[in-house]
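Structure first, commentary second.
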Amino acid sequence: MDSIFHPLTLVTFLPLVGVVIILFLREEQKEIIRWVALGVSLVTFVVSLVVLAQFQPGNPDLQLVIRRVWIQVAGWDIAYHLGVDGLSILLVLLTTFLTPISILSTWTAIEERVKEFMIFFLLLEVGMVGVFLALDLFLFYIFWEFTLVPMYFLIGIWGGPRRMYAAIKFFLYTMAGSILMLLAILWLGIQGGTFSLPELVAQNNIPANTQLWLFLAFAAAFAIKVPMWPLHSWLPDAHVEAPTAGSVILAGVLLKMGTYGFLRFNLALFPQAAVQLAPIIAVLAVIGILYGAAVSFPQQDVKKLVAYSSVSHLGFVMLGLFALNPQGIQGGILQMINHGISTGALFLVVGMIYERRHTRDMDAFGGLWKIMPIYGALTLIVALSSMGLPGLNGFVGEFTILLGAWEAGQSGGSLGSYFYAGFAAIGVILAAIYMLTMFQKLFLGPVDKEENRTLKDLNWREIVTLVPLIVLIFWIGLYPKPFFSLMAPAVDKLVGNLALSIAALP
Amino acid sequence: MVPIYYYIALSAVLFTLGALGVLIRRNAIIIFMSVELMLNAANLAFVAFARLHGGLSGQIFVFFVMAVAAAEVAVGLALIVKIFETKQSIDIDQMNLMKG
Amino acid sequence: MWADRLATLPVIVIGIWAVLLTVVDLYIPSQRKGVTAALAAVGLIIGLVTNALGSGTAQTAYFGMAVVDGFSSFLNVIFLVSGLLGIALAYGYLHRQNIAHSEYYPLLLFSISGMMLMGMAADLIMVFIALELLSIPLYVMAGFHRDRLDSEEAALKYFLLGAFAGGFVVYGIALAYGASGSTRIAAILSAVQSGNASPVLLTIGAALILVGLGFKVAAVPFHMWTPDVYQGAPSSVTAFMAVGAKAAGFAALLRVFLLAFPTLSDQLVPLLWALAALTMIVGNVVAIAQNNIKRLLAYSSIAHAGYILMAAVNLGQTRLMTESAAAVLFYLFAYLLTNFGAWAVVITLEGQEGRGLDLSDYAGLGKSHPALAAAMTVFMLSLIGVPPTMGFLGKFYLFRAVLEGGFVGLALIGVLTSLVSAYYYLRVVIVMYMQEGEPLVNRDALLRWSAGLTAVAIIALSLFATPLFQWASQATLYAVK
Amino acid sequence: MLFSETATAGLTFFSLAPLVLLFPLLGLLINLIWGGRLSEKAIGGIASGAVGLTFVVALLQMISLFSHPEGVVIPLVDWINIGELNIGWGIQVDTLSVTMMLVVSGVGCLIHIYAIAYMHDDVRLNGDPSRYRRFFVFFNLFILAMMTLVSADNYLMLFVGWEGVGLCSYLLIGFWYDKGKDGIGNALAGNKAFITNRVGDFGFLLAAFTMFGLFRSFNFDRVFGQVEQISELLPLGIFFITLFMLIGVTGKSAQLPLYVWLPDAMAGPTPVSALIHAATMVTAGVYLIARSHPLYEVVPQAQSLVAWVGTLTALFAATIAIAQFDIKKVLAYSTISQLGFMVAAVGMGAYVAGMFHLVTHAFFKALLFLSSGSVIQGVERGLHEAEHHHKGKHSEGHHLDPQDMRNMGGLRQRMPTTFWVYLIGALALAGIVPLAGFWSKDEILLKASYKDARLYTLLSIAAFFTAFYMARQIILVFFGKARSEAAAYASESPKLMTVPLIILAILSVFGGALNLPGIHAFGHWLEHTIHHMPAVKAGVELPEFSLQVAAVSTVIALLAIALGWLVYARWGESLQKEHKPYVDPLELTAKPIFGVLYNKYWVDEVYWTLFVNPYKAFSRWLAEQVDWRFWHDWFHDAILTGGFKRLTAFLAQPIDLGIIDGIANGLATLTQTSAAYLRRFQTGYVRNYALAVFAGVVAIMSYLIFALR
């Protein structure tokens, strides 16, 4: 029983309760279904707060660990093995936090097949939380693959005109990477005789060149998910076609699964390979930063613009992670959260105007600030946070990342050149360019389209969906200490292990 | 006294002939007879080998094969007759309803 | 003597039951043929019971002609369950297609008894007889649609080619016999080990046997009959064939090759490697071009044969023998459930004269019949191998065995082809959920139930798989001394 | 925790320092939340009151500093702590920062009061009264950001203010975001300002990274404390820091080459131009260098670079100012030029002089801008008057630009107060004894004369131009006859606007008293902060005053004014008779040169062609060609997907069935059957399948024979 009422089990599987309830409701009872979904996701959020309460920030190790033998295959055990530490706690919270918000955003946006939508959405939450909590490679893989299915349906059923194309592209691309990871996982299991991540990390006896291969196999899965340049081709399709809530979760959480994977598995399991490949990955990351920013600029479709900006932002995250020093990694983790908040909010904002005008072409707008002052103000804040204005969350993340990359650029650092940070910093300029251009095209200038004059400003529900995000934007921007202190010990531990391999470098 | 390997060789020849027959002929009956030829080639080989090893099991095996062959004949002919009724032909090259 | 009978009781039961049923059926009034189906089911259940009661200890029977061990009893379950599902799928279907001739069920039982014999064959003669015993009824069943040409065609093709392949098996056996002086698997092995067996003859014999069995399991390039026969034969037969015949083929394959020819691994492993790779690639890739669901599933079954074949490349690595066998058994079990479930859905949508078999006929199923569509989705995901489904665990277990055997390349081909397979399986899902349409669906409780239950089982068993894994891993091959 | 410092500092008001951030915050929150229900007066009152209170707090700080000139640092809370990286929010109270606080809040307060009246008309003239509240929210936000900037105790917090003021500048330039050229001009001006500043901030960031790399801290005291030994180890490192920092300065303080955003920034309402783009924000760069003087002191190369940038900017901008007709544009370029003076000063190590000029400039430039605003509104009122007088018949007033000096003239009588204060401001700027501008500029020139003759000469020329264009402006605006009905009907502005003007005028007159030669109150005041460094001595050991320099600069100024009088009052008047609309006399005499200046050396156009258009084209190419057409459509769809589809089709037909057919055909010909007959062969034939089996057998056999060798 204790394993059922274990907080981590609860926070992972609580949404299933909602699924079951909704299964017994009729398609017509839309309102009830929505409320049930919202309620369950909120309860899940509360439970995740309980987890946070039980979490000891000072402790670098995995906590609240639950481990039960699940499947015994001749030879080794597959365990139901969950645990949380500084690397994952924030992402779990982000997931449970964004899910109710996204559900709230679908209130009027989703009218078709509400029942299925909510079922898939809650299933998705199960998968995502599981990914962040699983400590057994096999279990992790199961959650990882499982998230594909609901998202596939979310895009494919409620998506835009080219939804089928986008859905199947999303599925195949992600799967293409993860099957390689599956082989790597099997290989690890055969060699180490266990799937338990902590034990495998403890063994730490993989020869360097093997590490390289395994690293790449895992990276294949994660890099596509992130997505790292040049594997980003599926992202604009998925984002443009996905419904608003889908985009929010996709950008807010699913992409983080990739970066988290790098952090949790590649850095921990294959430190030498990580150190060897850090410069290459950093180069890709920097290219991604500049490329994503440059490509965002001329986009006409707001959603596409935001999608490409994600490529840029996650480039920052990757750069930070592979700076392999505390500043970089902590900044990277925080930037994951920031991106989840800011980009999630951006997608919400886009969804709101799309609901009103059913277009996302920026030329169809202009001067909206005059018509919808609240909407304009909130959007401005979100945009500023996304372009890293000091005092808002984006800056804290980007600055620490860049600082970490710069530190890593010193001799003896993992990158060994200041150019990574230098070029990456140019991304800060480009970010201002495309974000301001977007804001100007949508909100500034005269109101020259008749159909825009009659637009209604945000209603209470929309404001409620945005305000929590805005609050976090300021909180992290002004006082990020609680967030950093949550992750610091775990990161230091990780960096400690990495430092040994860095020292071992020729 | 004919050396044992002659029989083996003969059986191999028969087997090949049977296989080619299946490939080349278009009449279902004849194809089926070719199959029978393959089986009997096998039988010949069994007997010969039984002789070579001086055991009986091989020769017993022949009976099994013959029995099975008989069973096949029963079913096979039935099928062929049935298809002849409907198609008025047993040219298997005209059996092409299904395509990929 | 009685011990042997006792040990092989399940087969005996099914065999006798089949004979009796044929007779009894004559006395069942034609409007109450449902009784026949029920009786057949009863027989299968009795078979299951006896099988369960059988002592777990491995032993030989009939002077080493047959061997009863965990392997065979596990397979028996697969065969019997597939028989039950086969009946469930067939009953309503035969009526709808007005081919409710009740000899269908006895034939089914005969075929099953043949499969069970195949599973316990310890002598090449047994292998051959069992092969024919399971095949001949299938020939008839394939042509069960007497008044439909494609069915007859399918039957004749299956028959001629089957016989053709059978010829290779026999000749292979003959050569093996010639090489080793015996048809007993054990004897062959010992003869090889003692060195008084001509390796050339033996190898060629083994190859010929491989051809015959490869034909049964539809391995490339011996697979070409599969799509036509699967398409032409009544769907219920196809479903049964796709699982039972395949499983039986693999049973014989494993027994013969793992036990009799381990010493030939140098020559045979590359062969099996190539067969497996080819089968996976061709099966999956060609499936993409299919629009007829039956052909699609046919190619998918070819592809899965390829996956199972992967386990056979561990031939010669005795330490992995058990695990490879277990992996195959587990995979077969997963495939049993998934495949029957999928066919259940197919049959539910199949109309007269082969209507309702095109992919486009599935459009809108997700809206009109959510449950059915959901079940189909589960089957498709399981066929792809997406967790949490049996299909995933099966692949996982197989790939593990292959990797442990050290065949990384083959495993890589395996995963890549399964990625390819995702493409066409997902097409089905897309059509069901993302295209508008009004699918025609038969109301058939049996089908609904079998589809639903298998779907649930696929997920539930994947979440609580330990007993199944245990069972499979204990179902070791018993090498007869 | 806040009050622990006060214990050490004895009875002071240091502990109140955080209030300089709190009051503007409160002001903006109140207006933000309840402003909707408040009257305009109330909104303006609250905003101005908040700033006024801030000013009081700043005064208290000053008083405390008299007793404790060393000042204190008041840490508030931690901000970012990762490993060695420890950044906190903290307030630095020392003579330098308090000086800035006083200027910002003092001048800011006056401008707030002025804006209460100004914006009242402005929002109505622009037809959206609902933005009145928004203006003051932004204005208080600016004060908040500026206070953060000047009160920061570390570089990163300073950077927060640094970008914060940038944001406010963006918001206020684009305040009338639906006005301007094509209705979008103002918004674009805002973008331009923000992005240009971002380029500078990029430099600032690099400076910060380098700094952390060397000093492991961003804290002023910690950094300056280590300058000694670091400068021995890595002078190059410090050089880079100062260099990168200079990029930031050129951005924020509108120096070459990043000054281009400031003239466009005049799109904002006039109080904005006065407060942000003249008095305070743009001087942040000067403050930054003054603040970082320990760094600059140890790398003379960087110093001279700064000095040269400043000097050239001063001259460059001054020349452009000569040929502008927009009253605010003239002042804008004049601002750039004056900022050049300040930068040059701090570059030459004359931090006191620089800061001194910063303060005086804040007075008179704010004065000038505000009175220009008063002039503009005067003209606009005149415009409406005029239309009243002959309604129906449309006068030229319709498309008349109220900021164009060519449409003014003779306002002396119509707006006496404005005229007088404007005159004072202009003279102060021109550097006429004894007005504030004279003393501060004189110090700079004095320093320059000692430092580098070339700098001195250039700066003097700049001073000459300064006096000249101010003379030109005064004459064009206030003297002569009205050149448009609007000007003719112009009327004086309300008290609420003129009173602040008068106060500022007084400050512009007596501001020089701050740092009179001989007393140097300001110098000594600052030396508490700019004291404990060895290098600065070089700057301090100057003679208090040099009659020669002072005389020269005064003469230059007077000459310039005289010349301006000749050209514009005398000659211009006469020209005006035959030329309508008005033409600048210089345009007639020296057309090419005037054209160059009028077109601002085409710098904007050059930047456009060099950077903006290429980036636009490049990014479009990247997005549409590379990313979409090539990578997305071609590679992923055509190559991957399409190729795969082709492979499937190929395997499905030819391989799976076709090859077998082929063999069948070949074999069939073997069997003497006519090929023509076999052509009609379709697939689906038993024999072909059997053939496949047989082919497989053959393959296996041949392999085995090979393997068994």
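Which chain is which? They are A, B, C and D, in the order written, and residues in each are numbered from 1.
By our rule, contacts are C-beta pairs under 8 Å (C-beta built on N, C-alpha and C of every residue); 3 or more make two chains touch, one makes a residue touch a chain.
Only a predicted model underlies this, so the values are computations on that prediction, with no experimental measurement involved.
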| item | value |
| --- | --- |
| Those chains which touch chain D and also touch chain B | C |
| Central chain of the complex, centres being mean CA coordinates | A |
| Chain pair with more C-beta contacts, A-C versus B-C | B-C |
| Centre-to-centre distance between chain C and chain B (centres being mean Cα positions), rounded to whole Å | 26 |
| For chain A paired with chain C, centre-to-centre distance based on mean C-alpha positions, whole Å | 43 |
| Euclidean distance of C-alpha centroids - chain C vs chain D, Å | 76 |
| Chain centre separation (chain A, chain D; CA means) in Å | 35 |
| Two or more partner chains touched - positions in chain D | 652-653, 656-657, 684, 686, 690, 697 |
| Where chain A touches two or more other chains, by residue | none |
| For chain B, residues contacting two or more additional chains | 19, 22, 31, 92, 95, 97-98, 100 |
| Interchain contacts (touch definition) - all pairs | A-C, A-D, B-C, B-D, C-D |
| For the chain A and chain C complex, residues of the former touching the latter | 69-75, 113, 116, 138, 141-142, 145-146, 148-149, 152-153, 156-157, 163-164, 167-168, 171-172, 175-176, 179-180, 182-183, 186-187, 189-190 |
| Complex interface listing, chain B residues touching chain D | 19, 22-24, 26, 31, 92-93, 95-100 |
| Complex contact set, residues of chain D against chain B | 652-653, 656-657, 667-668, 671, 681-687, 690-691, 694, 697 |
| Chain A to chain D touching residues, read off their complex | 169, 230, 233, 236-237, 291, 294-295, 297-299, 308, 325-327, 330-331, 367, 369-370, 373, 384, 389-391, 395-396, 399-400, 402-403, 406-407, 410, 418, 421-422, 425-426, 428-429, 432-433, 436-437, 440, 443-448, 478-481, 484-485, 488, 492 |
| Complex contacts: residues of chain C adjacent to chain A | 322-323, 326, 366-367, 370, 381, 386-388, 392-393, 396-397, 399-400, 403-404, 408, 411-412, 415-416, 418-419, 422-423, 426, 430, 433-434, 465-466, 469-470, 473 |
